[in-house]
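Chain nomenclature is as follows: A, B, C, D, E, F, G and H, assigned in order of appearance, with residue numbering initiated at 1 for each chain independently.
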Amino acid sequence: MNVTVNGEKRSLDAGATVASLLAELDLKPEATVVQRNDDVLERTRYGEVELRDGDVLELVRFVGGG
Amino acid sequence: MTSDPLVIAGRSFSSRLMIGTGKFPSSQSLRDAVEASGSEIITVALRRVDLSKGETDDIMSALDPKRHLILPNTSGARTADEAVRLAKLARAAGLEPWVKLELTPEPRYLLPDGLETLRAAEILVKEGFVVLPYIQADPILAKRLEEVGTATVMPLGAPIGSNRGVRTRDLIRIIIEQSNIPVVVDAGLGAPSHAAEAMEMGADAVLVNTALADAADHGAMAKAFAMATEAGRIAFRAGMGPERDAAEASSPLTGFLFDSK
Amino acid sequence: MTSDPLVIAGRSFSSRLMIGTGKFPSSQSLRDAVEASGSEIITVALRRVDLSKGETDDIMSALDPKRHLILPNTSGARTADEAVRLAKLARAAGLEPWVKLELTPEPRYLLPDGLETLRAAEILVKEGFVVLPYIQADPILAKRLEEVGTATVMPLGAPIGSNRGVRTRDLIRIIIEQSNIPVVVDAGLGAPSHAAEAMEMGADAVLVNTALADAADHGAMAKAFAMATEAGRIAFRAGMGPERDAAEASSPLTGFLFDSK
Amino acid sequence: MNVTVNGEKRSLDAGATVASLLAELDLKPEATVVQRNDDVLERTRYGEVELRDGDVLELVRFVGGG
Amino acid sequence: MTSDPLVIAGRSFSSRLMIGTGKFPSSQSLRDAVEASGSEIITVALRRVDLSKGETDDIMSALDPKRHLILPNTSGARTADEAVRLAKLARAAGLEPWVKLELTPEPRYLLPDGLETLRAAEILVKEGFVVLPYIQADPILAKRLEEVGTATVMPLGAPIGSNRGVRTRDLIRIIIEQSNIPVVVDAGLGAPSHAAEAMEMGADAVLVNTALADAADHGAMAKAFAMATEAGRIAFRAGMGPERDAAEASSPLTGFLFDSK
Amino acid sequence: MTSDPLVIAGRSFSSRLMIGTGKFPSSQSLRDAVEASGSEIITVALRRVDLSKGETDDIMSALDPKRHLILPNTSGARTADEAVRLAKLARAAGLEPWVKLELTPEPRYLLPDGLETLRAAEILVKEGFVVLPYIQADPILAKRLEEVGTATVMPLGAPIGSNRGVRTRDLIRIIIEQSNIPVVVDAGLGAPSHAAEAMEMGADAVLVNTALADAADHGAMAKAFAMATEAGRIAFRAGMGPERDAAEASSPLTGFLFDSK
Amino acid sequence: MNVTVNGEKRSLDAGATVASLLAELDLKPEATVVQRNDDVLERTRYGEVELRDGDVLELVRFVGGG
Amino acid sequence: MNVTVNGEKRSLDAGATVASLLAELDLKPEATVVQRNDDVLERTRYGEVELRDGDVLELVRFVGGG
């Protein structure tokens, strides 16, 4: 299936979850905020949430800022 | 100074120095600055993960939510709408509903857009956020923001990162005179003396970032700003003397020796 | 800061704030200021007893020769000869052979006379005094004094008691750049931010009096100056960033949300 | 006998000492520096030193100064 | 300077000094100032006749519509709507459709309200007015006004009548750098040197009133401002040298006598 | 301004702008500056002929002894003795017995040596010279020079060629207040606004060189300085208004429309 | 009839014109701008324009301003 | 004979005058000030004045200065 991650198209295997996507991208779940189609997901549910074709994901984190 | 807390939106803080976390060369240097500053309000930004980079340092590891109010800014937003979305995203990500509202459409001087800032402030206040808006030193705008319910105003002393000091002093003075909410001088403070000057003028707090990141010894500079900020506050409360045109002798002008009567 | 002592004439001091004792409303207020300042070098003046008044407060009771170097000034002297006599009288009276050389012939602005000061300095150095001359911010004169062997130079920031700050900064900067002896900025410092600025510029110490005596709370103001002086010194050593004409973002200018690729 | 004290003429009884003069003037010896004809006297000797006719005395003290 | 005209809304002016007509002690003193200033753009205000006073001096008698563009201001307006009504009234009264847009809700510092000013500017531009808005030195607002079609921006140097000079220089500099329409520095210019400084920075014109009315000799002061304004403009075009930290000898550093080889 | 001549040593001048002739790229550019400045007092230096170069431009060809008082300086002298010899050489070479006494031992900032300057002044005055000494802004020294009979004092605004303006304003103000001889602000004036400021403060004249030589258009810059110098003088005599902390309306605060009674 | 002039109630004789009102108030027509019920009147017509009961007039002039 | 000109030794033919020296050095007499053994010479006499062995000459001119 195809999803958009941070503005980039990306194809994932069926059954992919947020957790598996983060693992694939080598990102720590606890440091990453995930917005899916305008909803921000709770960190605890990253394992359950299955991605769907056409999902638009924003993977965001806090960085240094003034 | 616990007898003289800074109160924002009903919450008390013993430190009047807020710091930003940008541009530090390493997590350790940031940790040193955070530690030495004694700051209780620390700003962070929200950015997309760079997928090409993979995992990087996690800024949050340098902060302790128990001791620090982590204040997300809306840097990167060019419109009220974008700023509101960033604020909500930060809150949804688990931070408290506080936001440093920062709307800087123009990249060279990064000056805040008063109109969009006011517009965003109205929305965010209605949404229940504690809003700390970054603004130019415009006393009329400061009043408008107070009227829509922001928790503070944060007028700039000089452009972000310029280290030029309180160049807007004439207007900051007016804002302080007219404001009923805390005035936090933000941006442009490049030396402890700048922070002290702002506090001596009666500012309630200051926010510093670049001056700390610029330093060779980040921890030492953070300590210096903390001391100077407190010194300026103490002096403001202790009642300063007037500026004088002529001299006023500090030694007696009578009882000189060698005078015969 | 004991790792960074101020060394004058081979003697180390941990505080870089010197204070004067003039114009305090009471012995107690002076004691409060002395205590809170943490100063180790404290100036006094010599005057004839006023026979019509009889006994009055003894300034020395507020000072402790074990903790404080009591530095007599030569205020009241209008010529090198008078200054030398005052210095000797102070020494004969039991003080150490240190003197703040102060020669101010004109009462309105109390500016020091460079020629007489240089003349007196030569004599006093030969007589074995440790000489700390109060001067205008004249880099050429400062060099001359260094050559005749004074222990420091003490250029003024602004006229005594004017609280105007480091108005002579352009010249103080040159004196600091060229001096091989400690530079103590004296006179005119009216706010902690002024003391911090002088130290950030690289001054070795500051001397303050009127700003403390002017304060409503003398002890608090002395504490504020002590903190600001140390803050300025720490910042100087920590390496300060440059002043910039444009802004330099403290939050990243990449990774903005809402951009699609 | 007549002496000059801080620029003022003054007549004292014969046998007056520095100590007696200070007492007469109600001044604390320990807070007062005494210069007599250009010599500064040691505080311990105030009791012994007898004043002489024509002596010029400067009674001086430390005061607040910057 | 006819080779270097000031062009506003397609109209050329040879003088870059605009003057206001307020607070002059007499019609004659105003006439003297108008004459000596050589100004071609002169501001006036609109007020209700005071029925209790009956006939008084007519300001217009000091002005000559052939030589002077009479520029009505909207002083007294607190909202965009009131400003628009005043502009229309002035036009209906026979003046050209030019207006100095001035919206100052707060009487102590008389600082302009950026939001209402922008709102009024949009309306007046649509109505065919040539709009010269008085604003705080806010570069973002200046850009917004340029976008809605104002003929100039008129940022303040300091509060009206304060004679404090170009205190907002850091921001005026940015406005000049970014503006595509003439920048007129208005308010706070209290001395000819202030006007010259603004012009040297690259401002296109200045507006002065209080400094002229304050003078003992109104005509002489107007002449002084006219000369200084032109001097600043000439210097800006002649290319000024850089500020230097050290000295640069004006006499040769070689060929000294008394050196033997 | 012929009604307000500058009088030095009994001689009247209608221009209050003195110029130096150093560092001009060509004789023509110097001629342009001399012409446009309208200056009547113009400084030159004395140097050994460079035998390796042979004949070069003759500076004097740009000057007209009938219209210009050619004022030789003693640049290059490091001691009073050398300065005296240079002054005598210039006089022997046919110039009038006027000299700009300039004693700058240190090459980086070229600051004048007050002691040597005073010593040289005493000798030259006795020798019948009209002495115009270049000094630091030291009010005590200025008085001493007046006492030995110099015709003016020429305190610096900032180091030679630095273009920094009247940085010493606090002290220049005191010199002007106390002086009974003309005060000429010399060195560091980099913009017409600097010259105007000095004159507004009450200086009797200014001397400029580097700012003219630095300009792209030398004649235009000289004209600009001439206008600004005169403007500052006129303003000083016309009586300037005070600096104010708050605003003072230039339009009436009564008679607003839209008010109903 | 009653009119409002610069916020003040005022009663005038029937037939009063703008010109007669200005004369009564001792005001120069050429220096006075007259707004009547939101219309600004042309100066040339001051003599003709008759006032009506309830008119709201603003008599305005240019004054010194910055 | 040998003279010193602006600090440099120089040998000249017997009978050399100030004028001939200036000519040899390609210097305009009217723009050059000549000091000889501490005396400044009058320009009109450059032709007559004969130089002597051991003379110390300073050839000086006015240049641009501030």
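To be clear about the criterion, contacts are C-beta pairs under 8 Å (C-beta built on N, C-alpha and C of every residue); 3 or more make two chains touch, one makes a residue touch a chain.
Quantities reported herein were computed from a predicted structural model and do not represent experimental measurements.
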Worksheet item: What are the chains that chain C and chain D both touch?
Response: B
Worksheet item: Across the interfaces E-G and A-C, which one involves more C-beta pairs in contact?
Response: E-G
Discussion item. Quick check: how many Å separate the C-alpha centres of chain E and chain F?
Written reply: 31
Fill in: Separation of chain C from chain E, taking each centre as the mean of its C-alpha atoms, in whole Å
45
Practice prompt. Mind checking the centre-to-centre distance between chain A and chain D? Centres are C-alpha means, answer in whole Å.
Written response: 93
Response to the item:
When centres are defined as mean Cα positions, the distance from chain F to chain G in whole Å is 62
Worksheet, complete the sentence: Residue ranges of chain D touching at least 2 other chains are 7-8, 58, 60, 63-66
Discussion item. Show the residues in chain C shared as contacts by 2 or more other chains, in ascending order.
Written reply: 20, 22-23, 45-49, 73, 75, 89, 109, 111, 159-161, 164, 209-210, 249-252, 255, 257
Fill in: All pairs of touching chains, each written as two labels joined by a dash
A-B, A-C, B-C, B-D, B-E, C-D, C-F, E-F, E-G, E-H, F-G, F-H
Practice prompt. Could you pull out which chain G residues touch chain F in their complex?
Written response: 7-8, 58, 60, 63-66
Item to complete: Using the touch rule from the top, collect the residues of chain B that touch chain A in their complex.
Response: 20-24, 30, 43-49, 51, 54-55, 58-60, 70, 72-73, 75, 89-90, 92-94, 160-161, 187, 207, 209-210
Fill in: Touching residues (chain side chain F, partner chain E) in the complex
20, 22-23, 45-50, 73, 75-76, 82, 85-86, 89, 102, 107-111, 159-164, 190-194, 196-197, 200, 209-211, 213-218, 220-221, 223-225, 227-228, 230-232, 234-235, 237-258
Fill in: Of all residues in chain G, those that touch chain E in their complex
5-8, 25-28, 31-33, 35, 40, 43, 58-66
Worksheet, complete the sentence: Interface with chain H, chain E side, in the complex: residues 249-252, 255, 257, 259-261
